[in-house]
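Common to both upcoming complexes is chain A, partnered first by chain B, then by chain C.
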Partner chain A sequence: MTTTPKGLSLGWAQTRALAANTFRESVRSRVFYILMAFAVAMLLFSAVMSLLTIGSRAKIIIDLGLTVTSFITVMTAIFVGIGLIYTEVEKKTIYNVLSKPLGRAQFIIGRYIGMMAVLAVNLFAMLALLGLLLLLFKGFTWKIFAAGGFIYLELAILTAIALFFSSVTSPVISAICTMAFYIVGHTSSALLESLAPRISGPLGKKAAVWFFHLLPDLNVLNVTNLISYDIPIAHGFTARAIIYTAAYVTLLLTAACMAFSRRDLV
Partner chain B sequence: MRRLLGLLLIISLFAAVVPLHRSLYALTQTYPDDFRSYYIPDSAHMEVLSLGYKNFWADLIFIWSLLYYDYYNRDVRYTYLERTFNVITDLDPRYREAYVMGALFAFMGQKWDLLYRFEDKGLLALPKDTVLAYDAGTYALFCEKNSERAARYFTIGMERDPNRTLFKKLLAYSLEKSGDLQTSRQFWSDIYEENKEGKTPEEKYYRGVALRNLWDIKVTIDTEALKKAVDGYKSRHGRFPATLKALELEGFVKALPLDPDQKPYAYDAKDGSVSCVSHFDFKAAFGQW
Partner chain C sequence: MSSLAIEVKDLAKTFKGHLSIGRIHALRGVDLAVPTGVIYGFLGPNGAGKTTTLKVMAGLLKPDRGEAKLLGVPVGEKRARERIGFLPETPYFYDYLTGAELLMFFGRLHGLGKAALAEKVPALLRIVGLEGKGDLPLRKYSKGMLQRVGLAQALINEPELIILDEPMSGLDPIGRREIRDLILSLRAEGKTVFFSSHILADAEMICDEVAILASGRVVSQGSLEKLLSGEVRFWDVSLSGWSAEAPLAIGQVVTRHDGQLLVRVQLEDDVQTLLDAARSAGARILAVTPHKASLEDLFMSQIPGGAK
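Then we have the complex of A and B:
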C-alpha cells in the first residue's frame, strides 16, 4: 500500500526534473530564438500591412497575428520537438539519463511536458505582443487568448506526433512526417468536401469519410477565422476539443513509449 | 588574406546583382501586358492551400489587389478581377470591404454587370448589411443613371433597416427619376409625416427635402395632365384653347388644379405650354441654415 504512492511520487519528481531540463535545453536552442525573432518581425509586419488596407485595421492584425502565432509555434513544436529524443540517442547522453531510476516511458513523458511548457511560454509571449499591437490600434479583444488556447491544443497534438517520430526515426524523416501530418490535418476537411463527390461507389465514399475522421483534424481546432468577426464558439465545442486532443495525445504518447521501450539503443 | 578576398568577392557580387537585375527587369517590361499579369488558383484550391487560415489568405490577396488594381493604365487588369475578388470573398464571405472594393474597381472600368455581381454576392453573404445596398444603389442612381435598378437596391436597404430615413429618401428619389411619381409621392409624404415635428438638423433636412420633392412631383403631375388635356383639345378643335378654363368646360379635366402655392398654373395659348409660376420657398422649408 505504501509503495505505490511513494513510487508514484518518485516517478513524478523524476519526470518533473526531466521536463525542467527539457525546458532549459529548448529555450537555449538556436532554432527557438530564430523562430521567436521571426515571429516578432512578422507580428510587427502585420501592423504595417494593416496600414495598407481599406476598412478595419484590427481585423488584419488579428488575422495575420493569429496565423503567424500559430505557424511559428507549430514550427517550434516540429523543429525543436523532432530532436528531443534523437539528439539524446545520437550524443549518447541518454545512457546517463536511463542509468538513473527512470523508465523509458517517463523519459518520453518528461520530454513532452518540458516541450509543452516551452510552447506555452512561446505562445503567451506572442499573444502578449499581438495584444499590445491591438491595443495600439484600438482593436484589442480578449478573444485572441481564447484562440491561443485552441492553438495550444493543436500544438499538443503536433508535439506528440513529433515526439513519436523522433522516438522511432531520424530528425529529417521526423520533420517530413510531422509536416505531412500538419498539412493533412489542415486540409483534410477541405479535401473531403472537394474529393468526396468525385469518389464513385458508396463504399469508397464511406472509406474516405472514415479515413477523414481517423486522421488528426487540426483544422477543427482552428478558430482564428471566427475571432476577427467576433463569432461565438459553439456551445460544448471547447470541452469536446479538449477531450479530442487529450485522446489523440494519449494515443500518440502511448505509441511513442511503446516504440521507444522496444528500441535498441546500443 | 583569404578572408579579405572572400569578403571582397561577396561585396563585388552583391554590387553586380543590382545592375543585372535592373537589366533583367527592364526586359520583362517589354513583354505585352498579358504576359506580365498574374495567376491565382480558384477558390476550391485556395481553400485547400490556405491550410484553414482562410481569413489570413483573404487579407493578403485583398491588400495585394488594392495595390495592383490601383494602377490605372493596365488594359489586362480586368482579366482576373472577378476571379481575384471571388477568391477573396469565397475564402472570407464576410469581408465587406472586398465586395465594396471589387465593385469600385469594376466601376473604374465601367463593368456594370461585374459591379452588380460583386454587390449581389455581398448582399447574399451578409444578410443584415446595408452598406452594400447603399453602395450598389448609389452606383446605379448616380453613375449608371439606372433608377429602376437603384430603386431595387434601396428597397433592400430599406427592408434591412426600416428606421433609416436615408434609404426611404433615396428610394423615393429613384422612383421619382424612373417616372413612378405616385409611389414616390407616397414615400415623400411618409418622410414628411415622420419628420414634420422634428427639431434636429437631420430631421429638418428630411422635412425640407420631402417638401421640395412633393412640390416638384405635384407640379410635374399637374402640368403633364394639363398638357395632355391641351393636346386633346387641339386634336378636337385644331387649335389650342384660349384659356385653361375651356378644358374644364369641355370635360377634358374635372377641375383645374392649383399649384402647390394654391395659385393657378400659367398658360400660353400661342404654344399650349403650361408652367408653374410659383417658386418653392427654400427658407420656409429648410429654415435658416
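Then we have the complex of A and C:
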C-alpha cells in the first residue's frame, strides 16, 4: 500500500485519538487518584523522616523522594500497562475500534503513547511536589528533574514490556513476567560483575558478557547515586541511556504489533 | 466494478474446542452475494455462524479458507473498512465516556475533524432516538440505549454498506420498529444494509433478500419473493351459528367455541364448497383468511431439527 501524505496524516490523527482516549480512560479511573494520593503521602512521609535523622535533610528528601517517585510510577507502568491491551479484548471494546479503518499496530502504538502521557503527568506532579518540599527545606536542586528524565526512560521500557505481554497473554502472567524483567534489569550488571572474575578462560568470559548483554540492564538508566552525591552526569551516559531505551522500546513494540496483528479477536 | 456490496466465497473457520481438544467448525464454506442497495437478512439459529461471518467481514477474525470482499475490497485491508459501518453483536463501549464523546472518538478514527463532528454527533443522536442523552456517561445507558449508540457509531462515516449483528436485540417493540424504519430510510438513500437476526418477523417485514445459515453453511439464499413463492398454503374460514354436529367432509376444525367455528381447508375449491354448505345451513360467514408460506415456514423447513 502507498502511504500518501493524506494517509500519513490520517494515520497520525487516528493514533492520536487512540492515545487521547487512553489518557482519558486513566484520568477518569479511581486507581489514578488513589495512586496519586499514595504518592503525596509517601513524599510527605519522606520529608518527616528527614526531620528525625541527622545529616543533610535535603539529601535525605532527595534520596527518599526519588526512590518513592520511581517506585510508584514504575508500579503504575507495570500494573496499568499489563491491562492496556488485554482489557480491551476481554471487555470487547476493541471490536468497534478495530472495525474502523486503522491497523492493529496503530492501536498498540496509540495505547502506548497514551500511557506514556499518563506517566508523564504522574511523574511531573510528583517531581513538582518533591521540588516544593525541597524549597521548604532550602535544598532545592534542578537535578531532581534530570533524575526524573532517567526515571521516564525506565518507564518507557517497562511500559513497552508490560504492553507486549498484555497483547499476548493474561494480566497475571504479564505481571509476573514484567516484574521478573524489572528485577533482572536491576541486578544483571551486579551479577555479571560478581560472576565475571570466577569464569575461567577469555572465551568463557566473552560468552558470559554477551549473554548478559541479552538481559535487560536497567542500571544504564540509574542516576540515583550520581544525583545523591552531586556527581555531574556525563553526556555520554545520557546518550547511551537514550539510545538503549529507544532500541528496547522499538524492539518490544514491533514484537507486540507483530504478535497482535496475527491474533483472532474472539 | 462489481455491483456486489458483499461477496463471500467458500469461507471456512474453525475454533479450538474445549480444552483445545478437537476443532469446532463454525463456518464450513459460506458463499454470499449481496447486491448493492438492498436490505439483506442473514438468518439462522443460535450457533449457526452468523457472528463468526460478520467478524471475518469486520477484520476481527482471519478465515482458515476462502475470501470475502466488501464493496470490492478484500476484508482485512484497512481500505475495506473505510466505507462500511459495523455494529457488533452486543455492543460494548468505554463506559467512562459519554455518548457524544464516544461518537466523537469513533468519528476521529474515521479522520473526521472537530467541525464536522460538532454537526454530525447531535444529528446522529437524534436519528437513533438519543436526543438529549449525549452528555450522559455510557455507564448509565440502558441496554437499548447502548444498542442505539452502537447504531449511531456505525453511521458516523456515512457508510455505503452497513453491517449489523442482531440490531434489534435488546429493544422493545417500539425500538424495533424505529430501527426497522431507520434501516428502510438507509435503503432509500441507496445504501446497502446487511444484518443478522433470528427474529424472522423483523426480517420478513423489511428484507429484499435473505440467506439462511445453518451449521456453518448457507442452506438457501435469494429474494424473499422467490423463496416464499406467492402460493397460498391453506385458508382459515371462520363461521358462526352452525349447529350441525358433523358438518364437515371437507377441512378440519381448528377450534369450536361459543357457537363459533374455525375451519382450515387446503384447496380453493373446498373453500367454495364449505361456504355453500354453511350458507344453506343458515350459518354466518365471519372471515376467510388465506395463509401464505411465511419466512418462518421456510426457515423451519431448512434448519435441521426445525421441521416437525
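Methods note: the second predicted complex is superposed on the first by the 254 of 266 C-alpha atoms of A that agree within 3 Å, B and C clash if a C-alpha of one lies under 4 Å from a C-alpha of the other, contacts with A are read in each partner's own complex, and residues count from 1 in each chain.
FYI, contacts are C-beta pairs under 8 Å (C-beta built on N, C-alpha and C of every residue); 3 or more make two chains touch, one makes a residue touch a chain.
What you are looking at is a predicted structure, and each value in this text was computed from that prediction instead of being measured.
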> After the chain A overlay, clash or fit between chain B and chain C?
Replying inline: fit
> With the two structures laid over each other on chain A, which partner does A:173 touch: chain B (first), chain C (second), both, or neither?
Replying inline: neither
>> Contact-wise, after the overlay, does A:59 reach chain B, chain C, both or neither (first, second, both, neither)?
In response: first
>> After superposing on chain A, what angle in degrees do the C-alpha centres of chain B and chain C form at the C-alpha centre of chain A, to the nearest 10?
In response: 160
> For A:99, is the partner it touches chain B (first), chain C (second), both, or none of the two (neither)?
Replying inline: second
> Who does A:31 touch here: chain B (first), chain C (second), both, or neither?
Replying inline: neither
> Which of the two partners, first being chain B and second being chain C, lies in contact with A:70: first, second, both, or neither?
Replying inline: first
>> Under the stated touch criterion, which partner chain does A:259 make contact with: chain B (first), chain C (second), both, or neither?
In response: neither
> When the two structures are overlaid on chain A, which partner does A:242 contact: first (chain B), second (chain C), both, or neither?
Replying inline: neither
> Between chain B and chain C, what is the shortest CA distance in the superposition, whole Å?
Replying inline: 28
>> Output the chain A positions appearing in both contact lists, the one against chain B and the one against chain C.
In response: none
>> Looking at the complex, which residues from chain B come into contact with chain A?
In response: 44, 47-48, 51-56, 58-60, 62-63, 66-67, 92, 94, 96-97, 100-101
>> Per the contact definition, I'd like the list of chain C residues that touch chain A in the complex.
In response: 15, 55, 58-62, 77-79, 81-82, 84, 86, 88, 90-94, 96-97, 105-106, 108-111, 150, 153
> Which residues of chain A touch chain C in the complex?
Replying inline: 1, 10, 13-14, 16-18, 21, 24-25, 28-29, 91-93, 95-103, 262, 264-266
> In their complex, what parts of chain A are in touch with chain B?
Replying inline: 49, 52-56, 59-60, 63-64, 66-67, 70, 183, 186-187, 189-191, 194, 218-219, 222, 224-225, 228-229
